[in-house]
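Chains here go by letter, A, B, C and D, matching the order in which they are written, and residues are numbered from 1 within each.
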Amino acid sequence: MNTQEKGARLGRDELAALVASDIKAGSYVNLGIGQPTLVSNYLRPEQSVTLHTENGMLGMGPEAHGDDIDEDLINAGKIPVTELPGASYFHHADSFAMMRGGHLDVCVLGAFQVSATGDLANWHTGAPDAIPAVGGAMDLATGAKEVYVMMSLFAKDGSSKLVEACTYPLTGVGCVTRIYTNDAVFLITADGVRVRETFGTTLAELQQRIPVPLQAAPLR
Amino acid sequence: MPTIAPSAAEAVAGIRDNSTVLIGGFGNAGQPMELINALLDGGATGLTVVNNNAGQGDAGLALLIKERRVRKIICSFPRQSDSWHFDAAYRAGEIELELVPQGNLAERIRAAGAGIGGFFTPTGYGTMLTEGRETRIIDGRGHVYETPIHADYALIKALTADRAGNLIYRKTARNFGPIMAAAAKASIVQVGSIVATGELDPENVVTPGIYVTTIVQINATTPAAAEHGVTQ
Amino acid sequence: MNTQEKGARLGRDELAALVASDIKAGSYVNLGIGQPTLVSNYLRPEQSVTLHTENGMLGMGPEAHGDDIDEDLINAGKIPVTELPGASYFHHADSFAMMRGGHLDVCVLGAFQVSATGDLANWHTGAPDAIPAVGGAMDLATGAKEVYVMMSLFAKDGSSKLVEACTYPLTGVGCVTRIYTNDAVFLITADGVRVRETFGTTLAELQQRIPVPLQAAPLR
Amino acid sequence: MPTIAPSAAEAVAGIRDNSTVLIGGFGNAGQPMELINALLDGGATGLTVVNNNAGQGDAGLALLIKERRVRKIICSFPRQSDSWHFDAAYRAGEIELELVPQGNLAERIRAAGAGIGGFFTPTGYGTMLTEGRETRIIDGRGHVYETPIHADYALIKALTADRAGNLIYRKTARNFGPIMAAAAKASIVQVGSIVATGELDPENVVTPGIYVTTIVQINATTPAAAEHGVTQ
């Protein structure tokens, strides 16, 4: 088989570093709130990746600290950030036009569940008493050329978050192209789910716990 | 030509009960706090409010909601760690919520200002937020039909206005300001400074004065207008 | 009757001056190509009228001459113009959004025909061999709060250009609110066509030549 | 990140036969004359061209049409006093014309860049230009359905680019540039000058670099870049 099996399950930062290294040089990227934000720590300057934040900016720099904090300069998570040379500001309709129009190369998002055909559930647990809040989740899922999900592969009860069909309310239909987890990287293709690499486990072991047919991906 | 109001209270004095009010800002950036406070003091009730969020903490929009002056809110992200006043009103069934994906919210506001009657967007297709909505498959992709959000008033914060009403903004505080200014029948804008007509570079005006009804200068804590875009 | 009858048929410049004096102070106005352009000569500075040109500018000044000519600063008729203090530039979609969204107070247009219900025909003669060209005519007719037409009241063959129904291809449906001609000013109202004033003729004389019921307008 | 091409010829070298090409400009203002001439020299044919007009005199787009390289033109105002090459091609039945009201043309281009599947506009309702089209009465007013105009390439003229592809324009030469840059798969931009990344004020960027594929510097006759928007 072609899947690369590597030594150990990836830690949180190793996973972020892997995602960062997979982003092509010169890409325009939106990193969702939470775990995906970590990816920015591992982007190398020579990659020339330009970060978008949906509240109206391209060329976002790292989180601001101390005297650099400016209440007029925040990211979509409302965290103070900085501005890099070559940045630009625009209003909300222009910012979401940029996303919806398919101009971002990659969007990295967290998820509750992803289906075998790339449906994404990441905004709502579906709990009857929950107050729903969607923000830009559906726009991010729908707009980017590639949607990478970063998530733990198994829920706390041990069930797979890669599923045949999402049971949580959907964020987008057929939008996810890759899933990065601590145990393996999955590619969602027209031919089904392919396992690109595993970390401290094997495709056979994963198949026993994941209710979706898995195939090995061709070597990169 | 816009009116220059002497105070936030006078700027919002015309807002009637049951109006639809667009309120700018994303988090605190661009939030017209002094105008919202003046609206609170003014007593208007039964409002429909359009904002990205549903208020934070114990200030501004959160207080309008606490005082039950907001009949309905149209927003993308009501639930936050400090949205307790919205949470309480919602659980008590005392506020109506229309939840809209953020980009559809922005585009619906833009459509109102641009005279577009409705549009098809892929965002939200196949989700519970668009159940029962008109759909259309375009180039093989599912789209849902969205309608413009027209409003009576917009409350906006900008960096600087000239006396012709032209506006510039500052960094990510621009957010909803330009599209809300165009979508409302009357746009009320708080700015850090007002300069003479001709002092803003015509190439750099973000909101042309045609979209601005009332301006009020609020002594802001943000950096001075001189930092950006003022040619003299 | 209330209609004001004045001494003599208006000349071209008198008509432009009349339109100019009818525009409310502080208005945002688009003046179409041709005869309507003359109106700008009669706008008084104290009216503070802001002119829009659909190729992306508010705050347009007078035609440019000599050294003031700048090939990057033209109006919709591609004539070099100037920039006034308080001007702003924007792209074509924003410019037509401004028109379509109903933000302009007045648009002044020429016409081939106007119907009793305000239908406008001003872009195409309908001649079978004509090459059609519409430009911004339909957008101007559709978008402004008030659409004023300036035209001669009678065609060269003597027929009325104010008609029951347009025979030329339409530019817009029910959009015209006033018609300024050298012989009279007409208001298109929900109750029909009202004559506000006549110049060197009477309502009765006009009614003999115009195939649309005319009523006197209340005095202003 | 955009490519900086050494010449107009190399900037347009990738344009294939039967492409759809958006060409900026309104009259001569903003017309990317050197890119159009390079396209003419490059030999691509069977083109669908989108421009406000259909060429003037004996230059640029008019020559592309004269040489019968344009299969179809989508525009608002083809007939001008000096549009003789278009007139001849049209009367000979050798060019297809899709005539679109100017604002619908602009909004259809904007929709393509913004990922909008289609929209309803009041402009053109009840006229021969929209006969047979889907219509809808919205708030008592007739609207017609319009679809986005996607394109393979955009040819644009701007004042200044930085190396990240951010663009500023000059006066009414801005016109179709920003919306065309966003609507095409690849946008090729001729500019008067290229400055280092960081020299354009982020508040004043009109077209963000994400929309720009190729930049070429053309020694322009228009006033220098230093006049506007460059901070250093």
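Structural remarks
Assume a residue touches a chain if its C-beta (ideal position, glycine included) is under 8 Å from a C-beta of that chain, and two chains touch if they have at least 3 such contacts.
This structure is a prediction, so every number in the text was calculated from the model and none was measured.
Counting C-beta pairs in contact across B-C and across C-D gives the higher total for C-D.
Chain centres here are Cα averages; for chain B and chain D they lie 32 Å apart.
Chain B and chain C have CA centres that are 35 Å apart. Put simply, the C-alpha centre of chain A and that of chain B have 29 angstrom between them. With touch defined as above, residues shared between interfaces to two or more other chains in chain C number as follows: 57, 83, 89-90, 93, 97, 99-100, 143. Residues of chain B in contact with at least two other chains: 107, 110, 114-116, 121-122, 169-171, 202-203. Of all possible chain pairs, the ones that touch are A-B, A-D, B-C, B-D, C-D. Residue ranges on chain D touching chain B, taken from their complex, read 107, 111, 114-122, 136, 138-139, 141, 143, 168-171, 201-204, 228-229. Interface of chain A with chain B (complex): residues 53-57, 70-75, 78, 83, 89-93, 95-97, 99-100, 124, 130-139, 142-143, 169-173.
By the touch criterion stated above, chain D contacts chain A in their complex at residues 1, 110, 112-116, 162-164, 166, 182, 197-198, 202-203, 205, 208-211.
Put simply, chain D touches chain C in their complex at residues 26-30, 76-80, 86-87, 90-91, 97, 99-104, 106-107, 109-110, 121-129, 142, 169-179, 206, 222-223. The part of chain C that touches chain B in the complex is made up of residues 26, 28, 48, 50, 52, 57-59, 83, 85-90, 93, 97-104, 143.
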